[in-house]
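What follows is subunit A paired twice: with subunit B in the first complex and subunit C in the second.
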Partner chain A sequence: MSALHAEWTKLRTLPSTWWLLAALAGITAAAGAAVTGAVDTSACPDPAACREDTAKLALSGVQIGQVAAVVLGVLAVGGEYATGTIAATLAAVPRRGAVLAAKAAVVAAAVAAAGSAGVLASLAAGRGILPGNGFTAANGHPPLSLLDGATARAAAGTVLYLVLVALLSLGAGTAVREPAAAITAVLALLWIVPVLTRLAGDPRWQERLERLAPMTAGLAVQATRDLDRLPIGPWAGMGVLAGYAAAALAAGWILLAARDA
Partner chain B sequence: MTAATSYRSTVQAEARDGFGRLLLAEWTKFRTVPRWVLAVGASVALTVLVALLTAAGSASSGTGEGTADPARSGIFDMGHFTYQPLEGDGTVTARVTAQEGGARAKAGLMIRGSAERGTPYAALAVTPGDGVRLQTGYRDGGAGGGPGALPRWLRLTRSGTTVTGYESPDGRAWSRVGSVRLEGLPRSALAGMFVAAPDDVVVERRFGSESISGEPAAATAAFDRVSMVPARPGAAWQDRGTPGGPGGPAEPGAGGSTLSGGTFTLSGYGDIGPNAFADDLTKTILTGVLIGQTAIVAAAVLFVTSEYRRRTLRTTFAASPRRGRVLAAKALVAGLVSLAAGLAASCGAMLLARPMLRSNGVAPPPLWDAAVLRAVLGTAALLGVIAVFAVAVAVIVRRSAPAITIVLLLLLVPQIVATGLPLSAARWLERLTPAAGFAIQQTVARFDRAIGPWAGFGVLCAYTALALAAAAFLLRRRDA
Partner chain C sequence: MDATIEVRGLRKRYGPTLAVDALSFTARPGQVTGFVGPNGAGKSTTLRMIMGLDRPDAGSALVGGRPYRSLRTPLCRLGAMLDASAVHPARRARDHLRWLAHAGGLPRRRVEEVIELTGLASAAGRRAGGFSLGMRQRLGIAAALLGDPPALMFDEPVNGLDPEGITWIRGLLRSLAAEGRAVLVSSHLMSELEGGADRLVVIGRGRLIADTSVADLLEAASGGRVELRTAERQEAMTVLARAGATVTAAGPGAVTVAGLPAERIIALLTGEGVAFSGVSEHRASLEEAYMELTRDAVEFRAVAGREAP
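Coming up: the complex of A and B.
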């Protein structure tokens, strides 16, 4: 419990934490609003045939906003290695598993709070922008609302996605220790697959890649319509991402316990 | 005891702060960190690996029509052409009196090798939007000149392999539009009138993604006062693609021509020129650079930030107090190393993908083609400039984590996000961010091109110059 309190104090008193959390919420909402504003029904055969997934569209800003979660997760441990305070931390709390668990808990809580703010702002922006672009209730696009089961699942799932990405980064940062290398590796892992799928000509391989990649599988939770067209189910996809996060945390924990600080 | 000679430092002589010495010092710093050398090697390996993956994947998406010739599949050769044979040098003149088919429809004169697809040609055309243009080849547009107001006289003269176009508002005062050399134009060529229209781009959005396709557009035009020099009395006009002459049985959808009272009316579908919907095979093979650059960026950023972190920068500045020169040396070393790595990566990717493409029934892009060469060498230059940009950002930010994030965010994200964005928004993203530099990899002027190859590279260079200037300013002003 005291480890948790110590980690919370460390996280809370770093100005960069607050900048990153603000960036997480702000970029998610701003990028989502920009993308939503750029899409209208003019390119559809007719406005009712668009079948646009408006919830997913409004929440698409998270693809960029997640960068802040990655940096926050990596710096939670990597920053201690960079400045050398990890030695003091481990002297104060010799149970290394407890240190990692406390860090994971405070990072998850902070990202969940900022992510919720970003997601709610995105949905609010989408609610305001979408009807103006032709996505009206008459065309089969009811206004975004958290009372709608699928939209609520997409919103909650997106917050969970951000938390899991932060935990994945925390594990990678603990395992790699070098913040630069860890950030590069996590961003490459998240973004490499959308690039690769563009290249793979075979649709079967595209689906396979999208099922196995952390970002595409994890973001399947944002889909609110045509679920049978998804390469992987919403919660199954979240499970894939959770698997990545668990593997990264386990690797971080083993290495933290096995190595000298 | 011998008389002690007084000690004289040799440092003074050796430490003459020549730029060469500084460069050597920075090169030694880079060379002796195994991690950075590994990162550069990894970037080459990643790029080549993705190229091989792409080449391997090209089989399943192949059309199964045997070896596709990129020089032929990448072109449009449609529209309608009504012609007479032209032996040796000669001139064809006609007046365009009416034209339909939109702002980019072409109506005019053409001299071409034969009626076969993809033969060398020169075409002088009036377009309502772009005026009179002389066009040749299947790669890019041609020289422009003159307004496109109708009626307009056009004249195309062949002399040897050179074809020159003239235009005139009244048939008396002629002005030269331009001339082209047609390699491989046979002695007996075809000359006549043609109409063509670029495809209409149709954007359709369904299920949250956009599909873009081209629909052949129709064009119609009327010509009169048609004359050929040397005149061949009795020579009949022929329609390309159909057996008969004007007025013959025109297939529906294939266009045709009619002749009444000296006025020819031609109608046709499709365009002649580069295929704006062709796959850019070279760019696809070189896409691996998107992934390879992450390692280069990381190495270039760490090349700077590790000196801040380990405080060795103070030693560096003590040894070479002129900070601008240190920055220049670092940027030069990182840029040249990345340039070399990029050269190895792009050449390796192109060469290793060749046998794989061939075994999958796809003809690899010709290496000595100017556009392909520009893409290959441009990719190497791209990595060099990206490394310099990363060095500059690292000096500004001074810490590795944010510097790498910022550089990758600017270079990588616009391209990934652009795939999910509507075309109009994606284009602006690819024009205004440093990611525009990747335009240098284009070899085909596609319909969705956001920015020209050199212009895009220029945007990246401008960002880099700006970042370097800011870095030099901050470096001088701040304590190390």
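Coming up: the complex of A and C.
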């Protein structure tokens, strides 16, 4: 409990934490609004024939906003190695597993709060923008609403996605210790598969890669229509991402426990 | 509560370098124990092993009879300042102490008490990044004192401080020991510990060179030598050497004489008609005593190096 209190105080007393959380919510909402505003029904032969997944479209800003979650997760521990405070942390709480668990809890809570704000703002922006672009109830696109089961799942899943990305980053930061290296590694892991799939000509390989990659699998949870055409189911995809996060945290925990501080 | 810091047969290897080897010593309650050695001698490594940050390859380090990592309230058993610059530059000094207090399960009032004790009251609300070295040292010492521990360790606490800061830290170390605490303080300069330490643990290349009281060390280093001031240095050296003394030049118009009592030196010089202006017992400084100790270690290392290239 004292480790949790200490980690919360540590996170709370750095200005960068608040900037990153604001960036996470703000960039998610702003990028989502920008993408949503750029899509309309004019490309479809008939507005009613547009199969656009509007909830997914409105939430797409998270692909950019997640960078703030990566940086926050890595810095929660990497910042301690960079400044040397890790020695004081481990001297005060010699049970190293408790330190990592406490960091995971406070990072998850902070990202969940900021992520929720970003997701709600994205949906509100989508609700305002979409009808003007032809996505009206009359054309088969009812206003985005959390009362709709699939949209609620996409919204909650997006928050969970951000939390898992932050935890993956925390694990990577603990294992790698060098913040710049850890941030680069996590961003590469998240982005490299989307790039590779574009290069892979074979659609069967594309699908395989999308099932295995943390970002494409994790974001399957945002789909609200044509679920049968997804490479992986919404919650199965979230499970893949959770596996990455768990593996990174386990690697961080093992190294933290075994290594000299 | 037992405050003794005890190191037994400690060894630590980093790759090809043996940083600490077969090191044993004890820092006792009520004493300031100086932990001295040249840079890279293994002092910080030893302190890190005592705190459970680095794992020794052999041997053990105990705080109050127990390994540090098994202590339930470590901040209340051993306080330490390893690296004064190890604070987040963007965090306010008071917040740095607050998270430490939370981690140690200590009441918030302790934060204000150590801020007061270390004279940081006017700076506590500022971000640590703007702190001078002296203020960082004070913040590090405040952190070490948070848990009011019976044992304390400071790694190079006066390194880079102005004379006023050095005087303050010396007084603080003395008063902490006078309260019955065990105080272990490292330095690469013996002169920094002059008048501050009761016992000295001297290491070089990770090995123990001496574990002695300051008084014994000074007496051994002074070793019955006599300082002689004379304008006729050459003549005096010849006369005294003939009488069996070891004579070394100690600057213009001064020689150090070993192996003859002062009375005999005066009689000899007077008999031979060599003029001199002063004869006094040589009083070694701590720095001199230290140089003598480490010179032996250097010779030993040179021989050992030739045997095993």
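What we mean here is this: the second predicted complex is superposed on the first by the 261 of 261 C-alpha atoms of A that agree within 3 Å, B and C clash if a C-alpha of one lies under 4 Å from a C-alpha of the other, contacts with A are read in each partner's own complex, and residues count from 1 in each chain.
Quick note on the criterion: contacts are C-beta pairs under 8 Å (C-beta built on N, C-alpha and C of every residue); 3 or more make two chains touch, one makes a residue touch a chain.
None of the values given here were measured: they were computed from a predicted structure.
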Could you check whether subunit B and subunit C clash or fit when both are placed on subunit A? fit
Contact-wise, after the overlay, does A:Ala101 reach subunit B, subunit C, both or neither (first, second, both, neither)? neither
Between subunit B and subunit C, whom does A:Leu75 touch in the aligned arrangement: first, second, both, or neither? first
Going by the contact rule set out at the top, does A:Thr9 touch subunit B (first), subunit C (second), both, or neither? second
When the two structures are overlaid on chain A, which partner does A:Ala22 contact: first (subunit B), second (subunit C), both, or neither? neither
Partner, of subunit C and subunit B, that touches more residues belonging to subunit A: B
First (subunit B), second (subunit C), both or neither: which does A:Val67 touch? first
Please compute the subunit B to subunit A to subunit C angle from C-alpha centroids in the superposed arrangement, rounded to the nearest 10 degrees. 100
In the overlay, answer first, second, both or neither for which of subunit B and subunit C A:Ala91 touches. second
Using the touch definition from the top, say if A:Leu255 reaches subunit B (first), subunit C (second), both or neither. neither
Touching A:Ala48 in the superposition: subunit B (first), subunit C (second), both, neither? neither
Just to confirm the value: shortest Cα separation between subunit B and subunit C in the superposed three-chain model, in whole Å. 12
Footprint overlap on subunit A, where subunit B in one structure and subunit C in the other make contact: none
Residue ranges of subunit B in contact with subunit A within the complex: 50, 53-54, 57-61, 203-208, 210, 284, 287, 290-291, 294-295, 297-298, 301-302, 305, 309, 400-405, 408-409, 412-413, 415-417, 419-422, 424-425
Enumerate the contact residues on subunit C facing subunit A in the complex. 48, 51-55, 68-71, 74-75, 80, 82-83, 85-92, 95-96, 98-100, 102-105, 143
Which bits of subunit A are touching subunit B when the two form their complex? 31, 34-35, 38-39, 41, 43-45, 49-53, 56-57, 60, 63-64, 67, 70-71, 74-75, 78, 82, 178-181, 183-184, 187-188, 191-192, 194-196, 198-202, 205, 226, 229
Touching subunit C in the complex, subunit A uses residues 2-3, 5-7, 9-10, 13-16, 79, 83-85, 87-94, 260-261
